[in-house]
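Presented sequentially are two complexes of chain A, the first with chain B as partner and the second with chain C.
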Partner chain A sequence: MAALGGGYFKTSYEADLALVDTRLRRVALGALVVALLVLPRFASGFVLDLVSQAAFAAIGALALNVLTGLAGQISLGHAGFLAAGAFTTAALVERGLVSPLVTLPATALVGGVLGLVVGMPSLRLKGLYLALGTLAMHHVVLYAAGEMQARAGGNTGFTIPPPRLGGLVFRGTVAWYYALVVLAALVLLLVVNLQRSRAGRAWMAIRDRDVAAASVGIDVARYKLSAFVWSSVVTALAGALFAYHRGFVSVEAFGFFVAVEYIAMIIIGGLGSALGAVLGAAFVTLLPYVIDALVAGVSPDAAQYYVFPAKFGAFGLLMALFLLFEPLGLVGIWRRVRNWFALWPFRHRPLRASS
Partner chain B sequence: MVLSVDEVTLEFAGLRALSGVSFAVEQGSLTALVGPNGAGKTSLLNCMGGFYTPTRGRVTFEGAAISELPPHRVAAAGVARIFQFVELFRHMTVLDNILLGRHRHMRAGVLAGSLFWGVSRREETRERRRAEEVIEFLELERSRKEPVASLPFGVQKLVGVGRALAMEPRLLLLDEPSTGMNREEKENLARFLLRIKHELGTTMLWIEHDMELVGDLAERVVVLDFGQKIAEGPPDTVLRDPRVAEAYLGRAWDAQKGAPS
Partner chain C sequence: MAQALATTLVVASLYALLGAGYVLVYRASRVLNLAQGDLLTLGGYFLFATAATFPGAPVLALPLAAALSALTGVLVYVALMRPMAGHPVFAAVLVTVTLGILLRAAIVLVFTDRTRHPLQNLGLSNPPRPLAGGAVVSTFDLVMVGAAVAFFAALFVFLKVSPLGIRMRAAGERALLASQRGINFHGVFALSWALSAFAGGLAGMIYSSNVRLEPSLGILGLRAFAVALVGGLDSLGGVVPAALLVAAVEVASVRWGNPLLSDVSPFLCLLVMLLVRPWGLFGTKEELERV
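Presenting the complex of A and B:
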């Protein structure tokens, strides 16, 4: 490739496939990485915890985005997959198998099998019917988890000790901040890779037109199942992370509202876009805190009464507004802003833009 | 005979869409399948593409009974299909649509794709080169990275042709490729059909309503009416056949009036 050139023209297909293809993007990405690395030096524990929560949500949202945004299979069972992961870890820890080297593979296995089972109806059902099937799975998993919790002696949940590898104990806000941000970045990379390769393209083809996908030689049943399995393995692992991170697992943390939150993330972020899933996860994670601050600012006394209704209401309202006015989500807004700056001071795109 | 249709009958709960249709297609030939609306042309194509299974009879391609395979296995047997109503992957780019045509020539699975390592990375660059050949063949360079939904209908139809060609099929099934095309687009289409025949040597079975196109391009014509084959042969003789004219236009007024008496 051009050593002296500005890197503006691409001279190989390899370069056209690169994820970070221009100098500006390389610089921006580098700046973001440095900012995330040095953040713990400047930010308070509260801010770090917020970013950790957003990163955790991003992992779940990216996994759901693969299933719903790429493969087009609607799922209301995301909280169920998370719960399956968290409770598998809890069950193993309860039996003394505390090493993450045991719990994580076991959780991935349980997630994969559950994904395969829940994916089966997708071979026959589409749209709302499939959504109901996944909703049934959510209730089955939560029922099983509730039973398990009750048998453990009427506890309110399971306490999970911090993960430990050899003599190394993993705990503390900063350590979890780094772990979750790195893992979210890793999952983001996996998803972006899928989008530019054979399997991800096959999923998107099934989403767009399943009949035509079969006619180009895609085994639709197999790819639908593999989307479910991929998504459920990653989500179950996220559930295990949740268990270790919070140090406590209880059925109450995986209510149906959690599944709705994840759907909100990928819709608000921009369905089918990996960047959108991350933006949506950050947005939905931070929203309650913003509402808290707003309500407390308006009337500190009434805050405790109005915070919950305000949160639920804002949620529904925002989802409806995004669906109505910005179907491409946050990522659509981001693209518009970017194009505006790219073209500034001109206002319009040329009629035939070469993308 | 590379493709043979033997006594294909297709019934839907009492409705007989095809009854005992038989014909054969020669290697490398361009055969037109014509007939009025509802004659069963698309149903017959669906029997070949794995979407319908014939009630009786079978379709064999290169000795394999493709009428008993599911659609993705038919594709693997070397058969590609161009749909009547484009049926493209609308939210994806022209390039991605054509790369999807390369799906069966690629191997990387979900894991390799997630890591974009080894076989996945290698075959993405290799197949990109093949996709570019198809883009060049159909002169689609300008739209390479445009989402398909944003393109004019005529161009979308060409992308459908490109996706099928990228599969490197040995048999190409075309379902009314010229519908919705203007004169100029039809001329382009004719040029591409002839190039596919002469440069790639692909066998083609082609449903078409434009009899001028059929008359000029097809080597053989098969005519269906009410699920039955009513004529077969070279276009000059078949298109002059009174039974074919009757199937399309109905009986002449005088003859009809005279008939009962």
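Presenting the complex of A and C:
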């Protein structure tokens, strides 16, 4: 932040490749990792569960962000991918194949095929039409899942036993906390690296202008499909995690509103930014609990009547405000605040305003 | 069979009113209004409120509720859609999603989520009517068909004959050219939104009188957008045949297939249409691009 006159200079390839480039950031990241590691010692089960939920949402949001934020392909069917993953796992467990070593690869496979199928129309369709196609897909997947549930689960849903690996049984708040946080971190690392790889740059080129992307030699069809497949594989795996984590799978958990929530996460967080997806996921996950506490604090009697519409309304209002006034999302706000402090007393960064 | 035909006609009327709402808005703002279903719900609750204010006076309550619906459309355009001009289409569509969420939250806050029946306050009844061929429909089923026919007839006369209607068609065709010819396209677009919300509200008032009124009626709207796409997103004329088609598929799939299919059959129509003819039966073709 010091070199105001001429921007940053990186003097080695290692420095150019590094994900964490300044000492301050290294220290901050280290502190965050330590905090997350020791959190179970101090926090209650409720807090741990909240963090787990946010981490779970972050996995889905990161996957959607690759598709919508990086590759620019609008998907209103994210809940459909989740449902496909969860119900694949449920179907396998129902047939006695309970080992995650079987269910997870199978789920990934189903997710990949579904992503390929849903991605096909993106070769012909754009924008609104594509969004409609993904929305229709969402309803078709939910119909299939509902049919399966009606046939097998006795109409209420499927119970999933906790996953076992060898002699190790995965259950309890703390175990799931570590698992979800670690997995979310892994997906984050993957996405950050993907962003700067050939695929990520190809996706961004297609998002910005597909004709130009094709003219510099990017195979548009292949990369569009790969974005769909990548996103749906990760989301389907998240769906399998959902099944194992909750221990229960039912169609009601995957309505259209869930897809809207995921879109809200990447919009509120900041479209196209991995950090934004994580921030947005945390924000959207925690918002209902904050409002719960607020409404209960203001008037405990009225709480039971007003909590639901208040949550719903605040969610809609925030999403609308971000869309109208802050299209860059939380990440945009964060960058502005950071730059304001870093540059004070000046107002603008000299040149090359990067990340 | 006569019953299936009658049901198809009734469902098609509901879908046609909602589909007209989608197309009117699409022609004005190039946006798919995913809150159309919640505008339907809102129309129902407007009727519930006006009927409670003027009990036993449907002559007063019905026009007032319709006017409130139309006014909502204008407000939505001015407050939400005009600021979104120039933003990506996706963002504008998401704004309509949030509008739907806000409307639903507001409805639950004001009216709670109890199931209501506005008909009780209006002082009207809804007796079943036998038709030729042994089919039976309710009175408000007939009202729905009549309202759809009347709305479309009035809309076509308005668009074909009146100067304002011709301006609206011009602005829907190419807003920039229209504005250069001196057409106040903001006014025209606001009117489009008003008409769209009016159509949705009308459908909602009749549906809620006929069946029931609850905040989750909005899902009807999601199904009806298949109609708009099948007919062609920018084609008002396509709405009627598309509504008949989608309703026929839905009724047939329930009658001869699986009742669960009724929720998904409009979307299957939509998927088939996207694969075969993405611009719809009567839509403008050049809006598509290929890779």
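To be clear about the criterion, the second predicted complex is superposed on the first by the 331 of 355 C-alpha atoms of A that agree within 3 Å, B and C clash if a C-alpha of one lies under 4 Å from a C-alpha of the other, contacts with A are read in each partner's own complex, and residues count from 1 in each chain.
Rule of thumb we're sticking to: a contact is a pair of C-beta atoms (placed from the backbone, for glycine too) under 8 Å apart; a residue touches a chain by one contact, two chains touch by 3 or more.
Just so we're clear, the structure is a prediction, and the values are computed from it rather than from any experiment.
For chain A, the partner with contacts to more residues, out of chain B and chain C, is C. Residue contacts after overlaying the shared chain place A:K224 against chain C, while chain B stays out of touching range.
Legend: residue contacts after superposition of the two complexes on their common chain; A:P309 is shown touching chain C, with no touch to chain B.
Look at A:M137: by the touch rule set out above, it reaches chain C but stays clear of chain B. With both structures placed on the common chain, the touch criterion links A:K126 to chain C but leaves chain B unconnected. By the touch criterion defined above, A:R196 reaches chain B but does not reach chain C.
When the two complexes are overlaid on their common chain A, residue A:V298 makes contact with neither chain B nor chain C. In the superposition on chain A, A:I267 makes contact with chain C only, not with chain B. When both complexes are overlaid on chain A, the residue A:V216 reaches chain B alone and has no touch with chain C. On chain A, the surface touched by chain B in one complex and the surface touched by chain C in the other have residues 214, 220 in common. By the touch criterion given at the top, residues 49-51, 70-72, 74-76, 80-81, 83, 87-92, 96, 99-101, 103-104, 106-110, 112-116, 120-121, 123-125, 128-129, 132, 142, 145-146, 163, 167 of chain B touch chain A in their complex.
Across the complex, chain A meets chain C through its residues 74, 121-129, 131-133, 135-137, 139-140, 142-143, 146-147, 150, 210, 214, 220-221, 224, 256, 260, 263, 267, 305-306, 308-310, 312-313, 315-317, 319-320, 323-324, 327. On chain C, the positions that touch chain A within their shared complex are 31-32, 80, 83-84, 87, 89-91, 93-95, 97-102, 104-106, 108-109, 112-113, 222, 225-226, 229, 233, 258, 260-261, 263-264, 267-268, 270-271, 274-275, 278, 288-291. The part of chain A that touches chain B in the complex is made up of residues 12-14, 16-17, 190-191, 193-194, 196-202, 204-205, 207-209, 211-220, 226, 230, 272, 352, 354-355.
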